[in-house]
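First the structure, in the form of C-alpha cells, and then the observations on it.
For clarity, chains are labelled A, B, C and D in written order, and residue numbers in each chain start from 1.
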C-alpha cells in the first residue's frame, strides 16, 4: 500500500491507451494535482491547452479486460483561490423559444463568472459579475472528468463520456466516494481532471466553479467483475452512471446497470430487485451539457441485504 | 376560510371542463377522499373504472385565465391498509436489449405486489411477493395526479400530464407542499387523485404503492400571475415541473420556467439568475413512465433574495 | 353509395365526441370544404378562430370501437388563390446555438410569406417576401390534420396528433391516398381540415402553404380490424404513421405497426417480415414541429405477397 | 489525375490519425477493395477482425484543417456473390413492449440471412431463411461507413458516426454521389469500408446485405471551405448529414448545416433560404441503429440559384 506522489508534466485531452506515468500495485495511493478545464494550474499558469486536460494515465498491475477498477476518491482540494464559470444557461437546457432571451455576451466576447474559493471557510464567493447581496455558495469539490482507457483502440475526447467514464460532471463525485470502472485495456489506465469547487446539478451553465486541485486517490482491482457502466458507492448509497443522449437513454443505461447489480451481485431475484427499485430508487442528473448526458441511478444501502463481498 | 367536507359520488378520467362538485372562495379548505388508480375506495370497493379517477372538479370563485391557482396540500393520509403495485420495471426505462430479461408474468397474467400500509407506524410492508428478509419501506404519501382543466376545450387523460398538471407522479407532492397551476378556464376547476403511500423516483415500475386517501387541501388565488408550467414550494425550496417527452424536453420546460420565475418575480437579472442556477440548481425526476415524463427543477430558498410578494 | 354535399357552419379545434354534422352509410362520399389553419375560408373571410379548425364530425353507421375507419381522399383542391406560410425555420428544428441566427421578425411582429396559388397551372408563386429570381413551387395539395374522435372521453387539440390521427402534417396525405384509422367511439366521428397547397417534409417552418380547400372523401368501414396507429395505402405503397415525441418514439410506433401489419394481416412470419423490412423499408417525416412528431414507415407493395383481404 | 490501384493489407476499426497507405494529389483516383463488416474479403476469407474494418487511410496532399475533402464515389461493386444480414429488427427501433415479440434466436445463437448477390442481374436473392415466394431485391450498392480522421487526437469507432462521417449507413451513398467532409488533420486521412449490396432506410435490422466490394473513388480538395457536418451532392440534389442521438438532434444538425450552406455559399438571405426549405426540403434516415443516428436533409438543385463556385 504505497503512497505515490506524482507531479504531472503533460496532460491528455482524450481517454486512450498512452504510456503510463506511473505503475501502481492494487491498493496503492496517489497524491497528485489536476489543472482546471482550461489547462491552468495552481499558480494560474496555463501549462496545457484547454479542454479538460487529464492527469495520468496510471497503470494498475494485473488489471485486464473483464476486471473492475476501484477508485477511492480520498481527497479533492482546490489548490488555489481562483475559480471561474459561465454566467448563462446552455442553449440546449432551455426551451428553443427561450434561447434568444439568454444573457448572450456581445458577439466575439465570452462572459465569465469569477469566484474566490476559500477552502478553510468552505465557501466560494462570487467576485464578478457583482450581484445585489452577493453570492456565497458552500464548497463541494468534485471531479468533473475521470475514467479509464476505452476498448477497441478508441481515443475518446474528455469533452464527453461513455462506459469508460469521462466527462460525467456528476457532483456526487466528491471525496469519500468509491467509483468502479470496467477495465478495457491492460493496466486499466486511469485518468483524472476537471475539478470543480462546486457545481449545480446538470452543469446547466456548462461549467462548475472550475479550479485546479490537489487530489489523492487509491486504486484497487476486482478480478473478473464485469461492469457495463461505471458504478459507485457512498457511505449510504450505491449508484450507477449511464452516459448517453438523450437523457432517456442515459437513464435506461443506469437503471439496467442497477438492476443487473442487484440481481447478479446482491443475489436478489428480478422480482425482488425490481419491486424494490420501483418504490425506493432515486435519480440524479450528472450533466445535460456535454455531448453525452449523465444520469445517476441510486439506491440506499439500507434496503439491501447484508453486504456481500462484491 | 370555510372548511368544506366533500364526499365524491362520481369521478373523472380526464382533466376537462365539467360541472363543478363544489364552489369555493379563495382560501377555502376541502376535506375529501380519493380512490386508488383502479377506482377502489377506502373499503376496497370498486366505485369507478380504472385509470387514475379524479375527485372534483372544484370551482374557485374569481379564477380566470391568466391567474394562478394556489393549492396547499394540507394532508394526504391513506385511508385503508391495502396498497398494491407492480413487480417489474417498465420496459421503457431499461435498455431495449434488457426488456426480455424483465420478470414478465405468464401471458395474460399480471403480477402485482401487495402491501400492508400502517399509517400509525409510518411504514408499508410488502406482503406478496415474499422476499427474503421482507421489505418494509417508510410511508411518504403523495398525490400522483392532480391539476386543473386545460385550455381550448381539451380533455386530457389522467394517464398523462402537461401545463395543466395531471399525472406527474412526483414523490415531492406530499403534505405541506404548495403547488401553483396556471388557470386556463373560469373557476380553474381543480381535480385530484391517484394517491401513493410511497413511490420511488421516476415511478419506474409504473406504479407507486397505490392506495385510496383522505386528502385535505386549501385553494387560493393569485390574480394576474401567469405561469407556463406548474410551480411549487416547500419550506426550503421552490421548484418547477416540466411535463413532456423526452426527458430532455421536460427538463427544458422546467429549467426555462425556473429562469423566468427568478427573473420575472424575484427580480434577478438574467446573469444573476443563471449564474446562480448553474451552481445551485437541483433536479428530480417525477415519472419516466407516463406518456409525458416529468422533470422537477429545484432551488433552495436560502439562495434567493428576501421573499418578495409573489 | 350516396354523395353528400356538406357546407360547414361551425368548426372544432379538438378531436372529440361531438354532435355529428352528417350521418353516413359505409361507402358514402362527402363533398365539403375546409378553412385554412387560421379559420379563413374560400373568400378570405375569418369564419372561426385560428388553430386548425376542423370540418365535421361525420358519423359512420355501424362503426364501433375495435373497427377500422377507411378514408379515401378523393380530391383536395385549394378553393382560393391566396396561401400563406412562415419565413423562418422553427427554433426546435435547428441546433440550439443557431436559434439566434434565425431571421426573427422585430418583437411583436410576425412575418408571413404570401403565395399565389394557381390550381390550373399546378403552381404556387411566392408573392412576398420578394426573392431574387422568384420562387415557384409545384402544387401538391394535402390535408395537414384529419382523424377521428379519441377514446376515453379525451378531447385532443388539433395542434397535435396521436393514435387518432390529427395534426400529422404528412405531405403524402394527398388525393388518391387511402387512410385507415382505429375507431374509438361509436360512429368513428371523422374530422378534417388544415389544407396545404404544398409543404416540405417535416413542416419545418411550422406551416405549409396554408389554404382553404374543396375536399371530397369517401368513408368506409372494416369491422373488427384493430389498429394501434393510423395506416395508409397508395397505388404503390403501404404505410403506417407513428405520432409522438421524440422522433425516435414516433419511428418506433410506426415500425412496430408495420411489423404487426405484415405479420398479422399479410401472413408473413416474423422472420420473413423483418428480413424484408430490414432491406426494403423506407421512412418519411411528417412533421417535426407540432407537440407530437410524425414518422411514416413505408413499404412498396411489390414486395408483398399477393393482396389479401385486409 | 493519377489512378492508383491499392490492395489493402491491414484495416482499421477506428477513424484516427494513422500512417497513410497512400499519398494522393488532389484529383487522384483510387481503385481498391473493402472487406465486409465482419472482415471477410472477396474470397470469403476473414482477413481482419469484425467491426466495420476500414481500408485506408489515404493522405491528400495540401489538405489542412479548415479545408473540405471532396470524395467522388465513382464505383461501388460487390466483388463476391455472398451477402449476409440480420433477420430481426433491432430492439431499439420498435416499441419497448414489442421487443419480446421479435423473432429472437435461441440463447447463444445468432440468426443470419444469406443472400446470393448477382451484380450482372442487379439483384440479391434471399437464400436462407427460405420464405414463401422467395425474396429478390434490386441491388443498390453503397458504403455504410467512410470518413476522415477526427480532430483533437480522437480515435472514433467505426461502429458510430460524427462530424467526421463514419458509420452513417445512408443508402444514398452510392456510386455517382459526391460527398464533402470537413478536414480535421493534415492530409485529411480518408477511410472507407462496410459495403452493402443494398439496405433499407434506417438499417433497422442492424445490417444491410453485407458484402465485400471493389471501390473506385476520386479525392479532391477545397481550400478554406469550412463544414460542420458532411455534405453531399447527386445529379439532382444537395444534402447534409447530421449524426447524433436522438433523431431529433441528428435532424437539427442536418437542417442547420443545410441552412448555413444555402445562406453562406449560395448567397440566399436567411428569409429566402428558410422559406424555401420550409416548402421544399426533404429528409431521409441514414440509420437508427448505431450509437449515433443519421438524418439526411435534402434539397432539389432545381430550387437553387444558378450554380455558384462552391
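We adopt the following convention: a contact is a pair of C-beta atoms (placed from the backbone, for glycine too) under 8 Å apart; a residue touches a chain by one contact, two chains touch by 3 or more.
On a predicted model such as this, the values are computed, not experimentally measured, just so you know.
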Contact-richer chain pair (by C-beta pairs counted) among B-C and C-D: C-D
Centre distance in Å when subunit B and subunit D are each reduced to the mean of their C-alpha atoms: 47
Mean-CA-position distance for subunit D and subunit C (Å): 32
Separation of subunit B from subunit C, taking each centre as the mean of its C-alpha atoms, in whole Å: 34
Touching two or more other chains - residue numbers and ranges from subunit D: 92, 96, 245-246, 248
Chain contact graph, described as a line, ring, star, complete graph or other shape: complete
Contact set on subunit A toward subunit B in their complex: 85-89, 92-96, 98, 101-103, 111, 113, 124, 126, 129, 131-133, 135, 137, 198-209, 245-248, 251-253, 255-256, 259, 268-272, 274-285, 288, 293, 303, 305
Residue ranges of subunit D touching subunit B (in the complex, touch as defined): 90-92, 96-97, 99-100, 104, 246
In the complex with subunit A, residue positions of subunit D that touch it: 13-14, 16, 51, 152-157, 244-246, 248-249
